[in-house]
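Note that the chains are named A, B, C, D and E in the order they appear, and that numbering of residues resets to 1 at the start of each chain.
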Amino acid sequence: MTVISILGFILIIIGLWGMLTQKNIIKMIIGFSIIDTGLHLVIVSIGFIKGRTAPIISKAVEGLDTGKNFIDPVPSALVLTAIVIGLAITALMLVYAVKLFRFKRSLQIEDFEELKW
Amino acid sequence: MNSVTLILIGNAILSLFLITIWGLTLNGMVMKIVARVHGRFGPPVWQPFLDIIKNNAKRTMIAHGTMFFLGPVFRIASGIGTYLFIPAIFGSTVFSNFSFSGDVFLVMYFIFFGQLGMALGAGESGHPYSPIGVSRGLAQMTAFEVPFSLAVISLAVQYNTLSITEIVAAQQGSILNWTIFTNPLAAIAALIALLGMNMHNPFSIVIAPQEIPIGPPTEYHSAYLGMLQTNRAIFNIAKLVLYMNLFFGGATNFITLILKTFLIYIFTSVAVGVAFPRFRTEQSIRFFLKYPALIGLLAIIIVSIK
Amino acid sequence: MSLIIIIFLGIIMIAAAVLALYLKNLVAAIISAGVISLLASVLYLFLAAPDVAMTEAAIGSGLTTIVFLLAFNKIRSDRED
Amino acid sequence: MVNPIYIFITSLGAAFLLNLFQKINRKIADLIFFLTLAVINYISLFWFYQLLQGYEAAKIYTAGFLPPYSINLYLGIEEAVFLVLINLLGFFSAVYLYKKFREISIKAMILYLVLIMGLNGLVMTRDLFNLFVFLEITSITTYALISLEDNKYSLTAGFKFIIAGGLVSTLFLIGTIYLYRLGGSLNLDFLVNSGVLNTKAGILATFLLVFALLIELKPFPANGWALDVYQSVHPGIAAIIASASSAAIFFVIYKFIPLMPSSFLPLLAGIGGVTFVFSNLMGLKQTDARRLLGYSSIAQMGLLLAALALIMQFDNLQSLSSIIVIIGGLFINHFLAKAGLFWLAGIVQKRNIRSWKIIANNPPLLLVFGGFILALIGLPPFPGFWAKWELVMQLSANNMMVWVWIILAGSLLEAVYLFRWFGYAVKNTEVEEIRTEAAQYLPVLIFLLGLLYLGMEGTHLVSGADSIYVLPVLLGVILYVLNWLPNKLKGSLCLLAVIYFSYRLLPALQDIYQLFGVVFLIGSAVLLITTFARKDIFKGFYPLLIIMILSLGNLLQAKTSLQFFLSWEFITITSYLLILRGKFSLKAALIYITFSLAGAYLILAGMGLAFRDTGVVSLAGLASIVNSGYIYVLLGLGFLIKIGIVGFHVWLPGAYTEAEDDFTPFLSAVLSKMGIFGLIMLAILLGEPVLKGIQLNYILGWLGVLTAFFGALLAAFQEDIKKLLAYSSLGQLGYIVLALAIHSHLGWVTSIYLTFTHLLFKGILFVAVAGLLSRVKTRKMYEMGGLINNMPLTFISVLIAIIALSGVPPLSGFGGKWLLYSSLLEKGWYLQAGLAFFASTIAFLYCYRILHSVFLGQPKTALRDVKEPSVWYIVPQYLFLFGIMAISMYPNLILKPVMSAVSTYFASSIYWEDYTVISSLGYWNGNAVMMVTMGVFMIPLLWLLFRIKAVTKVKQFNIVYAAERPDRPETTHYAHNFFAHYQKALGFLARPKVTEFWGNIAEVIHSVGALFRQLYTGNGQTYAIHILIFLLISYFILGVK
Amino acid sequence: MAKRFITLLLIALLAYMFLPFIVEVDETSQLNRVAEKYVTAGPLELGAANLVTAVIVTYRGLDTLGEIVVLFIAAVGIGFLLRKPSKKKIAAPKRSSSEILRTGSDFLIPLLILFGVYIFTHGHLTPGGGFQGGVVLTSAALLFMLSNTEARFNKQLTEVIESVSGIFYLIIGILGLILAGGFLDSRFLQLGEMGRLFSAGAIPIIYSIIGIKVGMELIGILEKLRKEEI
């Protein structure tokens, strides 16, 4: 469904905007998770075929040609993996935020510029 | 040693002897003339002879070391050598000296032999005025050698040879064949250089008698000084003979030689030397590197275009 | 019909996203971000992907929000010390 | 057959087990850890070996379905190479990190194992999404391992890394999913010809994929985060990131090449090139060792990327072995050297590169450090050298000269900062010790040995190479091992080796080559005697020296341009290292190596052009080139820089002056002739080339005479005796070049004659100065004086050498002058002759100055009791002196062989009559001149000797001083600023304009580097914006339609 | 402000760059080759009713293993990052949880665990599977944490379960390699009758292991975030 992929891209853009402009590290991470959500929407929307159902064999689809009635299961499978990985990364980023806060008592990204040039 | 060599050596000694006499006389004459121009009476013409005899007869000498001792030797060896490498009289066996050893470049470089040796001797004397004089002399030398070398190159191009004998040969026949007429620019450049070479005014800063008493040879006396004075005669005449050969058609007999060298010397020491005040070192360097050098360059360019 | 619902949800999601970025209160921002995921899981149902919907609801909106809150809590407790 | 899938199974199993064992038994856990690494090494090595034997590549289908239905892995020879390297690094890095791991947490080991596994996965997988998963595995483990050093620096860097990584994975995933949508598969092999590239969206998807990976390779300017990471993480981890991770990502990009549209390749090459040049540019100002390594890593990966992208664009690739040499060489070189250097950085523990001087206390470490630096710069005998050579050759053959310049420029910049760093390390002034543990040192050493071994192997792969360099290096190693021998014995061995080598080599050489052989080898042999006087035992001295001398010989017997260049580089490196030994030679050595390398790169480029035109690397092939002007200019300029021609002479005085006193003679008397040899060889092969209507030899002639002039002039104004002689050398070389440029029989005779005489008198002078300085602890001439009585032997040899140098008859120098003017006039170069004459008169100024200021005049109180230097200084002087006297008396001793050698190439224009040599213009009888001079010298001398009884020897200070008599002799020595008036008159010509010019260039380059590195603000968000900009610019440059 | 403007511009350009994905890529109406095969042959080959599960567990099993590894290393990594406790002593929770929560959770936790187990054991039949089930297990644990703020999980136990299940996963993978077509091939067990709990080869077993492992890993992450090791 194109609408949903557009929505996905809009979320990606908004998330990116947040990640690039928010000074607070937590907000940056929120931006990142918005990107993730948008990305997942895009991926799933790729696999959708209008008028078809989830690729689960049940009474309802018995006897029908599965090849003509199911949506693509691959994007769904990929997104499952992506969601879990996204969680792992988000968790790690948050732990980094915790650690960084301990060193500097700050969550402002500009306060972490000792290394440069 | 075979007879050819012995004859060569005999001839050279004869030639050298004659030229020494003439050189000393010339010095005496010029001293007299300069004095007269200055309005002084001046020493007798044979004064150089007396000086040499007196100095060599002195009973004691002081030596500051080996190089000091050898300095005058270098100097006079260079004077004699320079002369001996020049064919003094065109066509004469006696006066052709050892000119078979090398060409005009040999002569030009052999002049340095004595200057370097003398400078070393003077250096060892430990007298600060000596190196000051040497420093000035060397500096000035680099400058006046420029127009001179340019002139020589111009000549080499003009005559297509470096052999002095052949250069002289090419000038025979008419007075108009002399280089001074066929290649006047080269001659002018070289003659200006000669002023520096002779260290007469305005280029006498090297020996500046009032400031650094006669410069490099300050510490020399008695037999050393005698040797230096002898050299002054021989070396002087060697240069004059070289000029005569290069620019004034050479000489076919001893009389011409005497005449020509006398006239060239008079020109440099009297006509110019008396009339100008002394240059400082850097002034004389700049002087030589400007117009004389330019004239020398022009001489080369004109010759090579021909 | 479903298109209207989708667009409606989409607008809410975008609004939630903007809120998540610009709310001063971090907890509210975090929850706002969770709402996006939650609504996304509804959208997955429209896309015939119930597996994804479940996962997104459980992990994307549930666990992620909790992790955010825990981490934030940690920072807050560090700050108070 | 072990299924490669066991790499994953073992590492994961071990990771889970370690998690289980962490509380139970640490020892077992450690054992499991190393065992696992060993097993995956075994598997990859096993496959590597099998594949080398020609076995079929391993295709692994997981889940039992064929691709594209399931994820498949592939293990071919290329994969195997990368796996072996990654796993070896994994193992040794683990050894290196073990102590740290033990200290901190077993979790680090788990993460580490999974990281290595992830890298293996990246290399092997053929599935896009699987690639993404492995990418995330490696990223997450890296993020976590970054905190191995738990400080705010590493964590800030880590966070920046995570931001970049997040962007990368987003882009990658978008690309992947759209490729799946458009290509109908996630499998790389099935996507290749699926028609995805027919649509803009497909190209865009591919673009996103490739560029996401590219960002992981840290291209300029999207790499700020990477630098911070390199700077702050534990060096063991940095080694993994810089080498193993980069390698894996690089391989992934390589895998993707078939998928890319052809328009990507130039862009990738461009990005690689820009990264290479700019990273090196910015590295110039860097003082933090680890960040410096970061810049270098990034640059190297850029180079690798550029090389790969360029090679893929070649229409006619010579052979597979070229690809292996170029990519393999560059890659392995970077891989091993960078890992080694990061490890070293961990051992040394110092951040600032200036503080690395402590490494000098630890010779093995210093040796290793030097090895890695050389390898990284791409100098022989390391693989990078072959790679750069082959790359330049192939680029030239494919008419990509711009790329040759880009790569050479970048390499030069890199060399500058690496050598600067190395310089700091060599200069030891501190006593602080470095704590080394075998576990840390061993991996470093093994990697260096690996580099050396692979470098040797490279010899077989590159066309035109052979093991010509092995003998010198071998002898060097032997001498290094024999370091415990007494100094004189080592020196004697060295001398024997040189003599034996000459005995074997010289008869095999032809005409001019043979003459240069005599200069190089016999000259060196004589100079070697000087080194017997050494007291301090510096380990590397004789090894380096023997490599240098024998390489000089190799230069002569080189048949291919590669052999020539190889020997050339060996000489450059060894001489640099020897110069660096000087006490204050840091800056001078750096300038020396910079100019030398620039020259070498010009030569390399020229040889590349020659290869393009001839298709062969044989030197003789050069002769067949029709339009050889460009080649002549490039090679010629390279040689001239080595000579120190005016304009490029700024390295020369410093290097000569600051090198150790007994090494300077080699530099001046022997090494300076290699440039001359190069020029002659060039002239033999190319004749008199014309470029755009300009006679190049004419320019060469003017360059020569200007060098002679400025060399002499500058020498006259020096107070430092070595600097004076250095400038004097420069001037003399100018004459040699001038004569060479005449390109006639007489000209070449002159040139070679001057080469010989210069060897003799400069040998004497520099050895004498070395002896002098061994007694007098100053180089300032005005601080000496009156030493004639203290060291008469030295004085005599210096005197003779000076007379020979100045060209005053009767000594051999005059022969050179006479030949020079004769040939110049014969050629019609009158103005050059005039200027040469002027220069030679100026030479008198400094000639006198040396003799007077040092040996004559009033002695200094402090130096009253100095003695004649050690006999080892005297012997070589007198050997040379004997040579001077012999050829002064009998010039035909040398002139005859020179003339006959030259007549191979030109019809003779001079002939002999007894002892008289006669040219078309003049004549010269050296023997007669000598006789006459001796005669006229003897007569007055005898007279004076006759009067000797009247002579009283007095003290030096006993002088006739008018009116004002100074009370101390030392104030009476007129020596300081001896030619003040000359300075007034002509000093404006001696102003260091050229030095200023190069100084300004260096400064501009440094400040440009400093300007660009302002990009790296340290803000993680800014870095993310850089990534975005990079992506967008790349995309719009690509102009997808 | 300038920086914001530039960022805005860049993001706008990025959006423009993404445009072809929206404009050129229309909705498909048919499955591609790979999906076609999964949908048509999948049920026969693997015997799983839920084809997404079939793809996740078997066809793309390596990805799933990787995913498990990602969670595993995230858990380990978080533990590694937080290895040094905060300098301040860990503040005791200010108040214990309410009575209602505690009683409610005592009732809910067993139900949640049961529900989680159901989800992952029926992954091959109904929507959901190991991940979802694992998360449900985690939520049970979370509830426990909320109601018993003082209590700490037996860390050893979760870790042992996690590791052992990981190793089991690998063993099953190897069994696939040895007994069936390749690593992680689920067909080394009988496919059975579609729709039954014990069908679809090893898929339910694998998914259960995944469920347990994911649950333990997530609990580990939450626990580490909640309280640090000392």
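Brief remarks on what is shown
By definition in this document, contacts are C-beta pairs under 8 Å (C-beta built on N, C-alpha and C of every residue); 3 or more make two chains touch, one makes a residue touch a chain.
Please read all numbers here as calculations on a predicted model, not as lab measurements.
Note on connectivity: the fewest steps through touching chains from subunit A to subunit B is 2. Chains touching both subunit D and subunit E: A.
Of the two chain pairs examined here, B-D and A-D, the one linked by more C-beta pairs in contact is B-D. Ranked by how close its mean Cα position lies to the mean of all protein Cα atoms, the top chain is D. Taking each chain's centre as the mean of its CA atoms, B is the chain most distant from subunit C. If you average the CA atoms of subunit C and of subunit D, the two centres end up 59 Å from each other.
Inter-chain centre distance (subunit A to subunit C, centres taken as mean C-alpha positions): 11 Å. Centre-to-centre, using mean CA coordinates, subunit C is 19 Å away from subunit E. Work out the mean CA point of subunit B and of subunit C, and you get 106 Å between them. Across the assembly, subunit B contributes no residue in contact with two or more other chains.
Multi-chain contact residues, meaning those touching two or more other chains, occur in subunit E at positions 7, 10-11, 14, 18, 21, 28, 32, 34, 38, 50, 52, 60, 63, 66-67, 70, 73-74, 77-78, 81, 86, 127, 131, 221, 225. For subunit A, the set of residues that touch two or more other chains comprises 1, 17, 20-21, 36, 47-48, 54, 56, 74-76, 78, 80-81, 83-85, 87-89, 91-92, 94-99, 102.
Every pair of chains meeting the touch criterion is listed here: A-C, A-D, A-E, B-D, C-E, D-E. On the side of subunit D, the complex with subunit B involves touching residues 786, 788-789, 792, 799, 803, 806-810, 814, 817-818, 821-822, 825, 828, 830-831, 833-834, 837-838, 841-842, 844-845, 847-848, 851-852, 856-858, 916, 921-925, 928-929, 932-933, 935-937, 939-941, 943-944, 947, 950-954, 956-962, 969, 972-975, 978-979, 981-982, 984-986. The touching residues of subunit B, when paired with subunit D in their complex, are 9, 58-67, 69-70, 72-74, 76-77, 80-81, 84-85, 98, 100-106, 109-110, 112-113, 115-116, 119-120, 123-128, 131-132, 134-136, 138-139, 141-143, 145-146, 149-150, 153-154, 156-157, 160-163, 213, 218-219, 222-224, 227, 280-283, 285-286, 289, 296-297, 300, 304. Residues 50, 52-53, 86, 88, 91, 127-129, 131-132, 135-136, 138-139, 142, 218, 221-222, 225-226 of subunit E are the ones that touch subunit C when the two sit in their complex.
Subunit C makes touch with subunit E in their complex at residues 49-51, 53-55, 58-59, 62-63, 66-67, 70-71, 74, 77-78, 80-81.
Every residue of subunit D that touches subunit E in the complex is listed here, in rising order: 3, 5, 8-9, 12-13, 15-17, 19-20, 23, 60-65, 68-71, 104-105, 107-108, 110-111, 114, 121, 125, 127, 129-130, 133-134, 136-137, 140-141, 143-145, 147, 150, 174, 178, 181-182, 184-186, 199-201, 204-205, 1025, 1028-1029, 1031-1032, 1035.
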